[in-house]
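We just call them A, B and C in the order they show up, numbering each chain from 1.
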Amino acid sequence: MAYTVTTRTRASSIAGIIALALIAFGLVLPAFASRSLIQDLFFILTMLTLAQLWNLIAGFGGMVSVGQQAFVGIGAYAMFAGVILMGWDPVPAILLGGLAAFLLAIPMAFFAFRLTGAYFAIGTWVIAEVTRLLIAQWKTLGGGTGTSLPREATSDIMGVGAIASLFDLRDAAARDVLAYWLALALAVGTMAAIYALLRSRTGLALAAVRDNDNAARSVGVDAARVKWLVFLSAATMTGLVGALIYVQTARISPDAAFSVTNWTAYVIFIAVIGGIGRLEGPIIGVLVFWGLQTAFADYGSWYLLALGLLAIATMLFAPRGLWGLIADRWGIALFPVQRRLIFEGA
Amino acid sequence: MIWIDVLVQGILLGGLYALFAAGLSLVFGIMRLVNLAHGDLIVFAAFAILLITGSTGLHPFLAALLAAPLMFAAGWALQRFVLNRVMGKDILPPLLITFGLSVALQNGMLEIFSADSQRLAAGPLESASIDLGPVTVGTMPLLTFASAVLVIFALNRIFYTTALGRAFRAVSDDPTTASLMGINPKSVFAIATGLAMVIVTIAALYLGMRSNFDPSIGPARLIYAFEAVIIGGLGSLWGTLLGGAIIGVAQTIGAQLNPEWQILAGHLAFLAVLLIRPRGLFPRAVD
Amino acid sequence: MLLSVQGLTAQYGQFKALFGIDLHVAAGECVAIIGANGAGKTTLMRSITGVLRNAPEMIRHNEDPIGALPADLILQRGIAMVPEGRKLFPSLTVEENLRIGGQVRRGTGRWSLDEIYSLFPILKDRRHSPGTALSGGQQQMVAIGRALMSNPELLLCDEISLGLAPVVIRDIYAALPAIRASGAAVVIVEQDIARALSVADRVYCLMEGRVTLQAPAKDLTREAIHAAYFGATA
C-alpha cells in the first residue's frame, strides 16, 4: 500500500494562513494602535518567546531548567556593557546579549549535564546564582545596585527617528514601536525555528532523547550532541530576548535581571498552564497569564501565591495544560509535530 | 591562627548545611524526587516554631518538638495527596509541582508574616561560647554540628537496621517488586517525606536561632542543601555532612578574604568538586 | 475455588496481550502454565498479582473479586509471586531480601528464616552478601524464599528455571515437594515442558494471549501440546 508520512493536518494548513495574516497585521499594527497596547504586546511577545524557549528545552528536550534567568540577565548586562563601555547603539548591542548567553551556556551545559534527572534543575539554578553574584561584583555596571542606560544612548537609537516621523509619534512612543517590532521578529523567528527543528530529523532525535536517553543512544541518536545543540540555541535566543527587554526597560540591577520569579517562574507557569510539549501551549498560556497579570498583579504576593497554586492544580488535573484539554476535545493541532501515516487511496 | 579559626567555624557552619541537606538527600534517595520547595519548607518550619514560641512562651527547642509532628503531617499529606499522584518515570510533573509550591509558599509567607526579618530567641545560649585552646567556638554552632551528626547517625540506623529502612531501600531499588512484598510504595514515599520534614524542622530550629530569616531566603537554603548532597555523592549521608563542611569552609574562607565573596566562594567550591568528581566524593555503588 | 480467572483481558497501551483468559486453581493444587515466548504468561501473572490492574470480577480469590486490587493487598491476601528475572533488591543483603518478603506475614505459617535456610542451606552461608552478588541459581533460591516468607496459600513462580544450568534447575525443583507440603497451591510458569509436566497436576497452554489447551498433566500427549504451543500443525 502506498503511503506518505506527514505532519500536516487540515487545521494546520488553515493555521499557517492565519499565522501569516497575523504577522502581517502585527507589522502594521503600530500605525493605529495605542501606545499602551503596543507596550502590552511587547510584554506578551517577549514572555511568549521566553516560554517557547523553555518549552523547547524542558517540554521537548526533557531538560528542566530553572536557570533561564541566567541567560536573560547575562544578555541584558552584555547589552548594557556594549552601550556603556563601548558606546554601541542599544539595538545592535542586543546581539552582544545573544553572544554572551551563548558563551555562558557552554559552561552551564558542561556542569549541568553532569547532573542527572531532577538535579539538573537545581544545577542550572546554581549557575544562574553564581552568574548573578559575579555580575554584582562588576562595579562599572553598577555592582549590586545596578545602573541605567545613559540618556544619550536612549535618545537616538537607530531607526527611532524614522519611526517617529513615519507614524508621527514622540520619540518615547517610537522607541516602544521599535522594541515591539523587534519582539515580534524574535517571537516569530523563534517559533518558526522551533517548528522547523521539531519537524526535522533532529526533532525526532530530541523526542527520543527526552523519552529515553539510553534507547535513543541504541538507535544511533547522538543524545549528547542533540542536547547541546538545543540547549545552546535556546540560551542564545533567551539572551537576545533578555537584552531586548532591557533596551526597553533601560534600567538594570542584578536582582531584577537575574530574577528567578520574572524570568523562570512566570515562564514555567505560562508553559504549564498553556500546555507543555506543544507549540500551541505557550501561546494560550501567555494570553491567560497576561490576563491574570493585568487583572491581579496589584495584589502582589497574593497573586503570586495564586499563580503557584494554579500551576500545581494544572499539573495535577490537566497535566497537558489548557491546550491539551482543547486538543483532546476537538482533536486539533495547529502546529503539529507528530508524524502520521497517510495511506493513499484509503 | 586566624585560619584555624576560619576552618573550624567553616566546618561548624557545614553542620547547618548538612541539616538542610539531609532531608533533601533522604527524599531523593528513596524516590528520585527533588523537592524544589525544600528551602521554603525550612523557612516555613522556622515560622511555625516562631509562632509556637510566640503563643506559648516555650523555648525554641521545645517549640520545635511540637512543630516536628505537625511538619511530619504536612510532609506526609503533601506526598500522599499531591506528589504521589504524579510520581512516575517522567520527572517533570513532580519537579514543576514543587516549583509551584516554592513560589506559593514564599508568597504566602510574605503575606502572612511580612518581609520583616525574624529570629528565634534562644536566650543566653545565643552568645555562649566554649574555649577550645587555639580557638573559641560558639556553643550554638557546636550544638548545630552535633545535631547534624546525630541526625545523620539516626538516619543511617533507620536505613540499615529497621524494617522501615529496609522498605525505604527496597522501594528505592524497585517499587514494583516492593509492592509484590506487600509494601505500598506510595505509603513509604509519604512516610519518607514526613520524616524529611522532621529533619527540616530541626534545620529550621538552628537556622532561626543562629541568624535572621524572612520568607525570601528559602531558595538559597535549597541551593546549599543541594550542593552538599552533590559534593557528598548521591545516597551517602555521611558524604552529605562532608559536603556541608566543604561549603561551610569555602564560605568562611571567602568571607575572610572579602565579605562579599562568602556565598560565591561556596558555589565555586561546589563547581570545582563537580568538575573533578562529577559523582561526588562518596558515590553509592549501586544506583 | 482458591483462584479463578474469568475472561481476563490485558493490554499495554494499544497492544492487546491477553484475550479472555479462563483459569482456576484449587487449594493445594500444582498448576503449570506453558507457552512460547510472548504468549502472555508473565502478563497473566502480573494481572493476578495486581501489578497490572483489571476489572474486579475478572479475578477472584476465594470468590472475592480482586482484579482491581493493588499488588500489596493481593500479597496480604496470601498470593505471592517469584517474579520473572528474580528481581532481588540490590541494596539489600540476602537475609534482608528474605526478611522483606516476610515483612507482611499472614498468620503463623510454616515459613521462617530458619525454615528457608534449611530448605536452601547455601543461603545461610551467604546471608550477609548483597543479594545480587550471588550466582543465578542462588539468587533464584532467594527469590523463592522471599516469596515463601509471607506464608502464601498460592505461590506463583514465573520461569524459575530461566537461564539456569540443568543441575541447578534440578536443585531448585527439589524444593517443590516441601513447598507443596506446607499446603500452598503452586502455579509454575515454564517453557521447559517436560519439567512442567513432571510436577504439575494440571496444565494450561497459552498462545498469543489465549488458552489453547487445558488438561490433567497425565493425559497430555506430545502432539496435543505441540498443537497448542505452536498453533495447528501444518
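Just so we're on the same page, contacts are C-beta pairs under 8 Å (C-beta built on N, C-alpha and C of every residue); 3 or more make two chains touch, one makes a residue touch a chain.
Please read these numbers as outputs of a predicted model, since none were measured by experiment.
Taken chain by chain, the contacts run in an open path, each chain touching the next and the two ends left apart. Of all the chains shown, the one with its CA centroid nearest the global CA centroid is B. Among the other chains, the CA centroid farthest from that of chain C is the one of A. With centres set at the average Cα position, the gap from chain B to chain C is 43 Å.
With centres defined as mean CA coordinates, chain B is found 33 Å away from chain A. Taking each chain's centre as the average of its CA atoms, chain A and chain C sit 53 Å apart.
Every residue of chain A that touches chain B in the complex is listed here, in rising order: 58-59, 62, 64, 66, 111, 114-115, 117-119, 121-122, 125-127, 129-130, 133-134, 136-137, 260-261, 265, 268-269, 272, 276, 300-305, 307-312, 315-316, 319.
Those residues of chain C that touch chain B in the complex are listed here as 49-51, 70-72, 75-76, 80-81, 83, 87, 89-92, 96, 99-101, 103-104, 130, 132, 146, 150.
Within the complex formed with chain C, the chain B residues making contact are 163, 166-167, 169-170, 172-174, 176-184, 286. Chain B meets chain A in the complex at residues 28, 32-34, 36, 82, 85-86, 91-97, 99-108, 110-111, 219-220, 222-223, 226-227, 230, 234, 260, 263-264, 267-268, 270-271, 274-275, 278.
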